[in-house]
Each structure stands twice: as structure tokens, then as C-alpha cells.
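Got a structure for you, questions after.
A, B, C and D are the chain letters, set down in written order, and residue numbers restart from 1 in every chain.
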Amino acid sequence: MDEELKRKIEKIYKDTEVEFPERNRMVVKTKKASTLSILEFLKKEGFRQLKAISCVDWIKEGEFELIYHLAPLNSPLHVMVKIRIERKNAETETILKIFENAKVYEREIYELFGIEFKGNPDLSPLFLENWHDLPPFRKDFDTRKYVKKTFDEIPSVEDRNERT
Amino acid sequence: MDRKNILKWLKEPGKMGHKYSLWAVYFCTGCGIIEIPPTITSQWDAERFGVIPVATPRQANLFMITGYVSVKTLKAIIRTYEQMPEPKYTVAFGSCPINGGMYWDSYNTIKHIDKYIPIDGWIAGCMPRPEAIFIGVTKLWMMIDKGAATGYIRYRKNYKFYRRNQEKLFGKLPWPPLYPVDEKENKNG
Amino acid sequence: MVIKIIEFIFSPFLAFIIGVFFLGLFRKIVARIHQRYGPPIIQPLLDVIKLFHQKGFSHGALFDLGLILSLAGSIVVVLFIPFGGICPLKSSGGLLVILYTMLFLPLGIALSGGEGANPNISIGISRKLILCLGYEVPFLLILLSTMSFYRTISIVDIVNSQKNFHWTLFSPLFLSGIAYFMILPAMLGMRPFDIVSAPQEISSGPAVEYGGKYLGLFHIQHSFSIFIMIALFVDLFLGGGENIFYFFLKMLTIFFIMVLIHSVFPRLRLEQALRYLWKWPTIFAFLGVIISKVVR
Amino acid sequence: MRELELYFGPQHPGMVGNFSITLKVEGDRILEAIPNPGYLHRGFEKLMELRNWVQNFPFVCRINVIEPDSMEAVYAMAVEKLANIQIPERAKYIRTIVLELGRLASHLFGAWAYANMLGFDTPAQWAMADRDHILDLFEELTGGRVYHIYILPGGVRRDLPDGFEEKVMHFLHALASKLPDYNETFFENRIFYERAKDIGKIKKEEAIEWAATGQVLRATGIKHDIRKIEPYFAYDKVEFDIPTRVDGDAYSRILVIRDEMLESAKIIMQCIEKMPEGKVYERTPNPFKWKIPEGETYVRLESSRGELGLYLVSNGGNTPYRVHFKTPSFNHGLFILPKLLKGASIADVGNIMISLYVVAPEIDR
């Protein structure tokens, strides 16, 4: 079933490469422009559940990599659609129209990586409390330096009155 | 366990009352909460020592900080602590409230909880077992007896420093200070 | 005259002792059903002692007055209810006066709760008043049936006319006795009707803002209300014993059955509780009224 | 009617982990529910990038407090796939037993949380007491009550202590004998049926569209279980079936959990019989110098709350380059819960939340 799916995708979308890194896993590398159409196509092919959206920060190549995990209901095949975005002002189209439950994943990635999802109505902060620093999951944010700067500066409360 | 010692009840009913009816706020602040249900249910049963979870901070006099504290939870902890009526005791579970524990390099967890609110008792263990919780409760009894469980008095005396630490972390706090803080001394404090 | 004064002082004190003993027994029996030891019987007393040594927060004069009003109302009702031969205010009015002063309990809490700013309180109070509405309808019909059956409104006459074992429960009025038994959990605020102080839904409803001595007064008022509801049932339907010991024995059995019901059921939602209260208990109470008219 | 803003906040009795929902309430109806997570966020995926492969094991089981074994197992599977280590046969069976015991403990904890939220103390206390027997078994096997750090890359840390199988069988028979009175008091209780029927109803298409997994999906009639679709460890060598219900409301979800408990007991018994002899641990290189070849993998397993996935990327270094956990409660709690709460009554907020088995530490990681 996977081979004829691979031929079908490569016939329709020219700029994608499809590989099978391991049993039951299919990777579709594609450009940012054709993500919506590929996801639409895969959804019709039976991959009806968007399991998750992961994001990897390749700081050396200066790119973010977004991975859309799709899975059907009754077959072990698991599809990972990968796109690359450059790191500077990273932004991409939202996929709310195809998978409504992407709203929550996009909100998390916006907060932790700083990728702007155009079209997502609700990108308000999710986990962090009035955060003014770099998005924390980026490779160039050093959490140990941040800890020294914020938490270790606060002096402990010496009990000046009675030295017990 | 001098619960049946009538003489002590007549001499100092307040102290004995607080010892044998510790009502804990039902607030799971961290991962230690997984050991609270077994402690309050039939296998370990904390109710025979008079420790029951109550719904609101107003009714409670024991505050158990179970496990690590994240920045957002600290705001809720400070509000809950300040709403509790006066003789109140706090017990911190595990190594994370002491010095950040396993999450020492995490950007979102508090490293030393006693910089922000006073803590009376510490229970060691990366999630203390129910027996350790009972030992912590009995140690708290002894401290109440000796009058050493004075976290709330320290909070009232050094409120200026606690409030300054809290504001250093959160910036302007939305709720008014619990005790009057004279602004001028706070400037150069 | 001296006995009267002793009765005046002694009966609320005795009611408080029995109420607190019931609360302690309640926690012990529930613990044993949960297969654990549970606190000592006197634990509620220790809690009240502790609560009076805690500095509570007051939200204005009305906040305190409402609570005191509710406590005073429950003490006054205790004076009217005969138990085991002692009834301080025997001659001045019977069931009707009990009915009025019993309304002070929920209204006092509602008055004092109104001051607290916590939204949980307003939801809790609306639940409490709706639940009171729920069980007042069958309760009035039951009192109507007993009054018309015995042709008197004085509760002492009802108790005296039930001498040597022909209790109203075995008389043709047993339907309204069953109806009273069905609404008793709602009146005591025990499960499946503890919608008012549901800790998991509205974090203990009207008692959210009570701390320290206010909570102590609330617990005392709760113990008085438990005593009143069960004592009224025993007086009307089980012939209210010759001396205090028989009376206490009957109350204990009723309370024990209530605790068993409490520990076996989860909590109903408010509309489900009302649907239940206005269905079977009201039908039985209504039949009771008809029977009391037909039989006499 | 005046519109009220109510906080089903972090400080709430009966709440599993702290997770706050702001409810816009009118009278008894909820107009809108906005979940507000983040109270337990420790930035696990950031911290795991600073620790080497084996150092992450005591770290990774602390993500989810209620079922730490599933976290360890999914991380071990990913590391073994990247470093292509084949674990011995006996270790597969032991891992299956540990996972199923963890599932039983997690379901009993769920039963406590659900019964406690409905104010139903008796079965809640019994369920928690039975769960404690499982923790004693774990303590004997791994030394820790809740966090076991027992599943390591290359197998399991140590073999079963002698006499362990009899203790497990004894516990399973004791639990099986208790199930009838759980049924009478809890699952088939008349008022519990009234309270849980038609609450938080999800249709079949909605469940698929919203990417629901685990018992939320199975309660709507779809036989979806990762243990059957993509069997791992020893799940292909044991027979068990997947319980499903049809009408997808809170009551059928709890019934699916009840039947799953029976299935887990069956699996454990079969594993104990079929377990071969042999070593339990495949030697792995020195943790400080262990460099896993470059690559990426997505592994998944069926945890007690739904499908738990892990996307692991390694750039050939000593520490993982990127770790991303796909936890079931993230989707159930932040996306499905507000949809179900709209229009529900205040009394059912906890009811719906715990029937979806939303666990706060899993959402924030």
C-alpha cells in the first residue's frame, strides 16, 4: 500500500521526496508553499488524525523544521510531513482549515519557538507567565544563564530580628 | 501522641487543638500530589491523626507544598498562603522546593521556596512516601509543642523582605500587601 | 420553677452534646465502611476547640450577624422540641412555631453568605435555598397530615397520644412517615443531597469564606440542625421515648441508617434532586393528608 | 441572569494535578470555558537536551506522575530504535508486565479521581487501597513506589525477584474477586448512572476529527488500540480484545476503563505463563561516551489515557538533539475539554474533565 502511495504523491507534487526510513514510517519532505495541499491530499487518503506538530531548531543551517504527524485509524503506517522555514522572522500558514485540532499545537510552538502562524486566531501565551526573553526552546536560549540571572539574584530572607 | 492528656488540653487548648486537628488545603502544587491520595485514603489513613483535606484556604491551617513549584504556581501559592487564617503551618515535600532539586536548571521552576514564603517543615525524598509524610506531621506536632513552628510570625515580621523578593520575581503584584509596608523604607531596602 | 430553669439551660447543652457525638460517630462509621480506622469519636470537639483559637476573617457586621442568627434560630427550635420527657417551652405553640423558627437556619446562612465576595458563595446559597424549597413542600404536607390526624398542633400531645407502642409510623399515617424518611437526607444535607456544601464542585458552597471561629459556629449550628431534624422525626413518628435514654436510642438507629445511605451514593445534581423530592415523597405525603382526613 | 466569571482554578479539591479553567457562567450553565495550563511546566524537552542518553531515564519518568512506566518505555523504545539494540526476549515480557501493572494502577487512580469528584468516597477509598497493593509490588520489583527507573535501554534493570510471580497472581485474583462489589457500588450505581449518562457526549466523526485517542475514541465504538495496530514488546504474543462502547459519553468511557482493567489482568497472567528464561539486559556502551548515530524516529505506545508518542532526533552526539512528547492529555485537555464544557452545568465540570482523564503534568511537560 505504501509504494503506490509514494508513486501517487510524487506524480502529483513534483517538489516532494518520499522515503521510508523504517517499517511503518513514511517521511514526506516538501516545500512550505505546498504544505496545505499535501495535507489535504493525505487527509483524503485516509490519514484522518493529526497526531501532533513537532518543531526542530537546526541552528547550524539557520532553519526551523516543522513536522506534521498524521496517522490513519486502522493501519500502522505513520506519516511525517516535513517543511523547512528560515529562522529569522519565521512564519508560515496555519492549517486550521484542514485539521481543527492544530490550533493548540500551533499555539504551543508559537510560544516555545516563536514561529508565527498566520491565520491562527488565538496565539496567546499558554504555559509561561509574562515571559520577555527569547522563546525558551530555541537552541540559542541558554537556560542555565537565565536561571543565574533571575533566580539566584534574589537574596534569601535573613531573619534579622531574632537569631534563632 | 498525648491526645488523651486532659491536663494538657485544659492548660493550652489552642496548641493541642492545632496539633490534633491539622486541616490541609487541598492544593496539589507539584508532582508530590501522587502520594497525598494514598495518605488520606484507607491504606494509610491520615484522618486518624486528624489531618483532613479541606476545600478552601480560609478553613485550613496546614499548607503542604508537594514537590517542585513553577513560576505560575508560586503566584497561586502566595495568594493561598496569605488567605489562610493566622496560626498556619507550611510543610514542603521533596528536594525541589529546597534548592530546585532535579530541575535546578529549568527556567520555569522556583529554586528556593523559602525566599518567597516561610516554610516550617521540610520532608526529604524525591516524593516522600506516606510514612515520611506522617513523620513530618509528628515532627510538626513537636514543633508546635515547643512553639518553634513560627513561620507565620516570621512572615509578619519580615513581610517587607518577602514582598520585595516576590516583586523582584513577578514585577508589580496585582493584590495589595497583606501587612502595611511603609513605602519609603522599601525604596532603599 | 427551678426545674424549669435547669431544663432551659440543660436541653440546648444536651442537644449540642448529642449533635457533636453524632458528627464524631458519623466520621467513625464512614471511615469503617472505607476499611480504615478513622478519627476518635471526639474529633469534632477537637476541631471546634481548634477553630476557636484561630483568627477568622470577617466581611462586615452582617456576615457575623447572619451566622449568629442561624445559630440562635437552631437553639430556639431545640427548646420547642420535646425529647425524653423534657420540653422547656411545652405550652406555647407547637408544630407551627417549630416550622417558622426552622426557616431561620438556611436564611441566616444566606444572610451572612451574601457578604462574602466569592462567587462560589452566591451559587452555594442559591443551591441551598432551592434545596430548602425542594424539601419544604413534602415537609409541610407531612406536618399537615400529623396535625389533622391528631386534631392538635401541640407536639407534646402528639407524643403523649402515642403511648405504649401504637406509634404513628404503624398507624394509618405510615405513608407520611415514609415520606419524611425519604426527605431526611435532604434536610440533614447528607449525600446523595449534599449539593449545598459540595467541596468538589463549588468548594464547600456558603462555607467558603468561614475561617476560624466563624467555621466553629457553623459546625455547632450544623450539629444542632442534625439534632433537630432527627428529634422531630422521632417525636412525630416513633413516639418520642419516656426518658432521654430511649429517645437517644431511637435517634441513634435513624442516624445510623442515614449514614449508611450517605456512604453508598454519589451526589445528585440540583435538578435531579428536585425531581426526586417533588415526585415520590410529595405523593406519599399527599396521600397521608388524604388518609388522615378520611380515617378520623 | 448576571454573567459570572468562575475559576475552576489551580486550588480545587479533587483536581488531578493543577490545571485551571476560567468558566464564564450564567446561572448554572457554562457559556465558555478557557483552559489555562502551565502550572506544572518545567520545560522537560529543553532540559533533556542538556543531559546524556542514560541520564535522561530518571528524568523522563517524572513527566507524568500517574503512569511513569509508559514514559520510560516510550523513551527506551526510541533510544533502542535509533541505536538499533535488540532487547532479549525475557525483557520484552517483563516490560509488558510492568506496563500492564502501571495501567491497572493508573486506572484505579482514575477511578479514585472520578468517584472523588462526584463525592462518592467509598469506592474511591477502595480503589486507592487496591492501587497501593500494586505499588507494593512495584516497590519489591524496582525499589521505588511510584518512580521505578526500571526500563533501561537494552532491557530491564534486574530480573524478577523469586516469588514475584506468585505475588502478582495473588494480587490479580484478589482484584478479580473485588470487581463484583466495585460493580455494585460504583459502576452500576443508579445515581452514578444518572450523573454520568449523556455527559460530555462525543460522536464518532467528532472523535476522529478531534484526534481523540485511547478510551475517548474507544467509547465511541472505534476499535483503535496501538497494542493491536502496531504491537510492541510482547503484545503480539498474548491474546486480548479491545473493549468498546457505542454512545461515547462519560458513562461509557468509565465502562471501557473497567473492561480494560480485566483485559490487563488477562495479559499479565498470559505473560507470566509464557515468559522464557534467559538474560534480561543487553550490554550498552559507557553512558558518557555513548554516541547514538544520527537519525530521527517516532515511536508510540498505548498508555492508560490514550496514544503516547515520542519524536526523537539525534545528531550523532552524546545528548538527544530534540525530544517531543505527543501526550494524549494535551489534545484531550486543551482542545476537546472546552468543546464539551460549553453548555454543561457547573456540577459537571470535574465530571467531564476526569472522564476524559485529563492529567495536568502531561499537558505542560
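Just so it is clear, contacts are C-beta pairs under 8 Å (C-beta built on N, C-alpha and C of every residue); 3 or more make two chains touch, one makes a residue touch a chain.
Note that the structure is predicted; figures quoted are calculated from it, not measured.
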Pair exhibiting more inter-chain C-beta contacts, A-B or B-C:
B-C
Please compute the C-alpha centroid of subunit A, do the same for subunit B, then give the distance between them in whole Å.
39
Taking each chain's centre as the mean of its CA atoms, subunit B sits from subunit C at a distance in Å of 36
Nearest whole angstrom, what separates the Cα centre of subunit A from the Cα centre of subunit C?
59
Counting only Cα atoms for the centres, state how far subunit C is from subunit D in Å.
44
Touching at least two other chains at once: which residues of subunit D meet that condition?
12-14, 38, 41, 43, 46-47, 50, 125-126, 129, 364
Can you list every residue of subunit A that touches 2 or more other chains, as numbers and ranges?
127-129, 136, 143-144
Multi-chain contact residues (two or more partners), subunit B
26, 41-43, 54-55, 72, 105-108
With touch defined as at the top, which chains are paired up in contact here?
A-B, A-D, B-C, B-D, C-D
Would you mind writing out the residues of subunit A in touch with subunit B in their complex?
127-130, 133, 136, 143-144, 146-147, 150-161, 164
Looking at the complex, which residues from subunit D come into contact with subunit B?
9-18, 38-43, 46-47, 50, 58-59, 62, 65-66, 109, 112, 124-126, 128-129, 131-132, 135, 145-147, 361, 364
Tell me, which parts of subunit B touch subunit A in their complex?
71-72, 75, 100, 104-108, 110-112, 114-115, 118, 148, 154, 157-158, 161-162, 165, 168-171
Residue set of subunit A touching subunit D in the complex reads 21-22, 24-25, 48-52, 54-57, 67, 69, 73-76, 78, 80, 99-101, 103-104, 108, 126-129, 136-137, 143-144
Which bits of subunit D are touching subunit A when the two form their complex?
37-38, 41, 43, 45-47, 50, 81, 208-211, 213, 222, 224, 229-230, 295-298, 300, 307, 309, 311, 313, 321-322, 324, 326, 330-331, 334-335, 364
